Amino acid sequence: MDILSLFVIIPILTVIGIMITKDAKQTRVISAIGMGLQLILAAYLVYAYLSARQAGDLAEMLFRADYVWYANLNIHYAVGVDGISVAMIALTSIVVFAGIFASWQVEFLPKEFFISLILLSGGVFGFFISLDLFTMFLFYEVAVIPMYLLIGIWGSGPKEYAAMKLTLMLMGGSALLLVGLLGIYTNSAPDGGPLTFNILEIAKVNIPIEAQRMFFPMTFVGFGILGALFPFHTWSPDGHASAPTAVSMLHAGVLMKLGGYGAFRVAIFLLPEAAHELSWIFIILTSISVVYGAFGAIVQKDLKYINAYSSVSHCGLVLFAVLMMNKTAMDGAILQMISHGLMTALFFALIGMIYGRTHTRMINEMGGLMKVMPFLGVAYVIAGLASLGLPGLSGFVAEMTIFFGAFQHVDVFHRVVTIVAVSSIVITAVYILRVVGALLFGPIKNDHFLHLEDAKWFEKLSTVTLILAIAAIGIAPFWLSTMIGDSLQPIIDKLTVIIP
Amino acid sequence: MNLDSFLLMRHEMVLTIITLMVLIADLSFNEEKKIKVIWLATALFAINTIIGFLPNISGNLFGNMYKNTDLQWTMKNILNLGVLVVLLQSVEWLKSADNKYKISEFYLLVFSTLIGMQFMISSGSFLMLYLGLELATIPMAALAAYDRYRHHSAEAGIKLILSAAMSSAVLLLGITLIYGTTGSTYFDVVALKYANIPLQTLAFIFFFSGMAFKISLVPFHLWTADVYEGAPVNVTSYLSVISKGASAFILIIVLFTVFNSISMIWKPLLYIISVLTMTIGNLFAIRQQNMKRFLAFSSIAQAGFILLGIIGASSIGMTSVVYFVFVYIFSNLGAFGVVSVIYYKTQKENMDDYNGLYHTNPKLSLIMMLALFSLAGIPPVAGYFGKFFLFTAAASSGYYWLVFIAVLNATISLYYYLLVVKAMFINKSETPIAYFKTDVPAKIALSICVLGIFFIGFFSIIYQYLESISFGI
Amino acid sequence: MNTGIPIEYFLVTATLMFFAGVYGFVTRKNLITMLMSVELMLNAVNINFLVFNRYLFPGQLEGHFFSLFVIAVAAAEAAVAIALIINIYRNFQSIDVEKTDEMKF
Amino acid sequence: MTNFSYTVLIPLIPLFVFLFVGLLGHKMKPIVSGLIGTCGLLIAAILSYFTAYQYFFNTEKIDGTYQKILAFNTIWLQFTEKLHVDLGVLIDPISVMMLIVVTTVSLMVHIYSIGYMKGEKGFARFYAFLSLFSFSMLGLVLATNIFQMYIFWELVGVSSFLLIGYYYEKPSAVSASKKAFIVTRFADLGFLIGILILSFNTGTFDFISLTNVNGAAILTGAGASFLGLSVMTWSLIFVFMGGAGKSAMFPLHIWLPDAMEGPTPVSALIHAATMVVAGVYLVARLFPVYAISAPDGLLVVAYVGSFSSLFAAVIACTQYDIKRVLAFSTMSQIGYMMVGLGVSKYGGEAGLGYMASMFHLFTHAMFKALLFLGAGAIIHAVHSNSMKDMGGLRKYLPITHITFLIACLTIAGVPFLSAFFSKDEILTAAFHHNMPIFIVQMFVAGLTAFYMFRLYFRIFWNKDTHYHHTPHEAPITMTFPLIFLAIASIFSGYIPFSQFVSSDGVPFHSELEWTVAIPSILVGLIGIGIAFVLYKKESASSQKIAISLKSFYVAIYNKFYFDEIYIFVTKKIIFNYISRPVAWFDRHIVDGFMNSIAWVTNAVSFRIKGFQSGQVQQYAFVFVSSAILLGIFFIYLYSI
């Protein structure tokens, strides 16, 4: 059994383990153990990957395994990772691990909750390791569906509506996506030979331009919907607002990254000509969503809505950078995915913890919480600073890389949109400071807040894990950024052929 | 043609014998022993199913009026499997008091319809096809009216028999025209003489509408919902799975073998019909409250998906159609199984009766959810693979927009399937269905379905085999 | 052709019969009458078969056999249908087709 | 060449102190954390002095110029092949000078705060933040490349945010900190864009290669032009925007007065001595680029600086909050420094302005810190910021009084005190290169003397306010820094600055030009005289003047309504006219559209339900008719 498949097997085993547990306590422990193993495995994977690269292994994908599944359709179960997938896997394992502890106190149907949560994470892991479009899409949908139950059963507010809306919009996206993938598949052998779903194989052939023109928008929008592309982002605020803590963490932290990852691994990598031709449309859309999301966040009153909109803005930046189609920008895109994943997970974890104490998420009903719960307060400030791009935290690195990458384009259009995107850092500062000020500072509005206790051990664990990751990337980004950058080389080589 | 060549008709023969045995048993048993017929019939049919799987002999009989190849053999076995599940599910229902005196009738009718379908599948001429069709239809009406004293059941019966007679008349008109223009009713002869001339086109359309009636394709589907709702649950599941599946098999065989010369006509025809079927089926399903009617419309929509496989007119297409029907049998029977269990325990068959089901009967709700996800085509359950292969087939023949419409419809269908899931898992209810123990046969049936739903997808061997026996134009 | 009557006559008659049957089926409210209209359609089909066989393909008997089978099947169909109609009468105390629309939409 | 690699410790020590105190501060006794912080800074200060000694006296100049020494450098982040961000330590005259300034003032403030902040809760937090600030400021000063500078630029911004908002339960403090951060952030946007353009055109962040007189950066300066100015000029103007934001130049000054909400030591350290001069330092860093390849940019600097200094001085005359008066005077003094840079040329004698500006930066740090700390001592004693509650304090606070007086004399440019020399050289430079600015600055000098002595008299003389608990002199921890800084502000003027700092690194000799000095002295004395007349004794004459000026006075008193403009822009424009519509649009248009899709689907499905009427006959009719229609359709479609 290859190491990568373990990332799918461990969740399955954990789920089976949970099924046989008696009570909530055991369930929690089992899931914690399982995801802890996952985290360790991820750490080992990073180490193994780096050392393999050190050893001079120049293969495009490492740790590859390939099992024929449906021979006559040439469908394989093919896995393999490059630096990007490794980074995303590490991110996922961290967020899931933190998520388990953040949802330590789920009382209602805990078994089912953790089962769905871990199934979801399994889907995400599968998505990141798979090299075969079929398996990739399979894991993609596996990751999306449990969301419905998670939000619908354990959510709050208008949860049925939000859950249904989220599921249907994402499924509508995957409808586009499926057609796109099938289109790629059926055009994967223009000069005879067997059709294939294997990404690396397809990357070798060049798909006829007409087909690309048809399927690039489908694929990109399909992934873009999950990445909160501008007109299709509206599932995100409602979904995040209604979802329980851990689900918001996973969803904003990891699931939305499937969009960015896929958009760049499939849409750009496999359909580069069309991407180059049509990128301007989507660049406009994404630069809109960068600013638009930030402005939208300014007036929100519900903490989760604020973060949902800021996620729209930040994920917009991811897609924006992906579309810039040069090494630096794409490097930045991946960094931004990771950094946003971590910090937004941290945000949602903290919001969940605060909500669990104050029973409100309306910032105008809160204030002065820094006094009563300093730990959570400080953590929230750190998350906020990360999100407005303070040097020394991950957000800064990612955004700067994106901006400098995007600015490598000399033509006016790219320059202008870049400036637009850059200006978002001010707006971000505005709404982050507004939240922090209203939530943590100032006098305490509500007397019964006076005797709220600070974070418990598991909450601290989950928070600290994320903060450490954020700070680590922020302080020493070099190895991560180079690891990603090297893995981008094949794509860049492919692009340089097309783009003059 | 010597005697042992009758062994070609193994399925039909064994089934006929079983039917007779049940009849005799029914005559010989006295009132209180009648209940035993259930076990006898089920056991016998199980044996028949096993016999069906004995290695196949291909060949023709009655001068090509009856032909049997590996493809037909497989199709018949698939149907047998499905019927076995249906029988297991209906055990409890037949035990109930007001069915005591007509137990064996149920089996006689079911078996005879099944024989009809198998003859249809193996038919090599329109005559055989027509006979099989009628044999599969007329007893079905009686089955639909099985609960004689329920208004709905009676209504279902009469609606079915009348519409069926009407449609078979139209079908016959088509066949006469075919005969008149080609001078034969044998497939192989007709296939040679068929061309794109107006009269033959008309003939084909009439014939096709007769078949479309059986598969309940829009706009020939209107009887479906009413009959499904009215008929007893098990009959409904039988109708919606077995007879639909069988008709789909025949349609694809006939289109590929007989009318392959006018594919440029039936491809656009199927395009229109499948779009209509999926969309209308979904639009009607959205609003339904009665579970049976709901599943009826969902099965209409599913029929629309089946056409995606046919339209490609390729070997992959046929494979994926058979594969899809195979998966569909398990998924739909899973859903209907749960509905029937709940109905005969509590007489409840409305969606809002299912509120909070998970908290009282978790296993049933989980099975229901699996089945619905499989119908909706959510990975990793089998339905996903079935749908994906249908889409692949259509896409590889270039019908991208059709695929797109289909996938959108799949999304809509996901919406109403999720409504049921929502009812079971999310909604709260003051009077949820109380916990009850499911009976052994139903349990077996459901577990067969669950196994199917779970594992078919992962074992490509099935698909490989079907691929090896199927053909395209 | 040995008989004087041209084939078109038969075909036209048959077609008229068929659509008369359709018309009856769609308009008559009485279930029995509707059943009869179906029989009318089937017989029209039979005429078609026979005429085609007799005029176009005199060498063989497929049409004849087919019509025989059709007649037989029609009989069976009628039997079942009438049984069901009786059943309807028991339930609804009427055999008006418009009464049987408890299930709709 | 001596090895300077130890200098990397100078910023790192405060960082460690920050982490240590920040994580464990709440566990230890307050005073302990205070002492740790102070000791950390003491070490840093000693190291810096040692560095200065090493650099200026033990490092041989190559053909008479001070070399830029890359004491330490490590690559931090790689953008492209050419563009990579390094973290490192750059040793050159101005960075060494800034080291002295930052560590000295910071050390003084640390000591001072032990007394001033006694008993405050969150004492440890205060020291943690102070150390964080010191770390960031030192990092900024020692930056080897413009991007590192930007990094620490942001960090000082956030530490200033944290320190202004130190009393986080006071809404005014919170909003002030928010304002400070957002305004400077907006300025930093310009800075960042500037960096983007600059780095793209020159292909480097590195200061050494940027400022290399015959390096690629400066030679490519006259690149493509846009709106009549070269790209280089544009980028440098953008960069200056960042500097203007930090240094509270008009119109980005609005945050500075409010920043006085922070504890007074913080104002002394951040908003008087160190952080606010970062802008000046930034321009000085890039001075060769400005001077050679973007003189227009330099002109902008000069005018902005000059106007700000005038603007601030005028407002300062009317304020009553003593800290705000000092804040505006800071702004005005920084204006001087900008002018100094603006009117300077590159190299030799022509670079007088550059030297003068650095000189003034140095002296200003000393006396302005002194002023603030003195004000702190006063507030500590009186528990009020408003000079209306003060008067006659000289009896109670002798030491504070003396030191404060010295500071006032210094800033007023009284001869033979430090500021006299530095300001005078700025004026000289202006005199030689830009007459109008010279006149303005001369006038400002008078204003400065006036408002400083208005302040002085109002506090220490004027009416004898009686205090309901008699003010008492501050403890030694607070008075020691006052005395130290007083001495510094007296004698720091006698450093032969031009020997150390010059635009091109070549020392030159400069002495004052009495032609400029005499008038400036006179102007200063006039200012003091007016203040003496108006405020020595309690008199209504000042009121009379104020009334006679009427609306103009009111406008000045309200700082020309700039805060109102700021409020208008943030609250009205951004909040009401952009964000609300955006949010509404999102909810109702975009989301509404998505929902309407679902709604339409449902509506349609409801509409077509009649299609399923339950009537067999209708079914049959549909059946037959659709069969026939299909037949006809396809026959026509394919009729040959």
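Note that the chains are named A, B, C and D in the order they appear, and that numbering of residues resets to 1 at the start of each chain.
Here, contacts are C-beta pairs under 8 Å (C-beta built on N, C-alpha and C of every residue); 3 or more make two chains touch, one makes a residue touch a chain.
Only a predicted model underlies this, so the values are computations on that prediction, with no experimental measurement involved.
In terms of the stated touch criterion, the partners common to chain A and chain D are B, listed by label. Of the two chain pairs considered here, C-D and B-D, the higher C-beta contact count falls to B-D. Centroid to centroid, with C-alpha atoms defining each point, chain C and chain D lie 98 Å apart.
With centres taken as mean Cα positions, chain D sits 78 Å from chain B.
Measuring from the averaged C-alpha position of chain B to that of chain C gives a distance of 27 Å. Spacing of chain A relative to chain C, judged by their CA centroids, is 66 angstrom. Along chain A, residues 168 each make contact with two or more other chains.
Along chain C, residues 22, 25, 34, 100-105 each make contact with two or more other chains. Residue positions 158-159, 162, 166, 170, 225-226, 287 of chain B are each in touch with at least two other chains. The chain pairs satisfying the stated touch condition come to A-B, A-D, B-C, B-D, C-D. Within the complex, the chain D residues that touch chain A are 26, 75-80, 83, 147, 150-152, 154-155, 158, 165, 168-169, 171, 174-175, 178, 181-182, 185-186, 189, 192-193, 196, 199-200, 570, 574-575, 578-580, 582-583, 586, 590-591, 593-595, 598. Note for the complex: chain C touches chain B at residues 18, 21-22, 25, 31, 34-35, 38, 41-42, 44-45, 48-49, 52-53, 56-57, 60, 62-63, 65-66, 69-70, 73, 76-77, 80-81, 83-85, 87-88, 90-92, 100-105. Residues 601-602, 604-606, 608-609, 611-612, 614, 616, 618-620, 622-624, 626-627, 630-631, 634-635, 637-640 of chain D are the ones that touch chain B when the two sit in their complex.
Only residues 69-73, 75, 134, 138-139, 141-142, 145, 148-149, 152-153, 159-160, 164, 167-168, 171-172, 175-176, 178-179, 182-183, 185-186, 195, 214 of chain A touch chain B when the two sit together in their complex. Taken together, the chain B residues at the contact with chain C in this complex read 126-127, 130-131, 134, 138-139, 141-142, 145, 148-149, 151-152, 154-159, 161-162, 165-166, 168-170, 172-173, 175-177, 179-180, 183-185, 225-226, 229-230, 287, 293.
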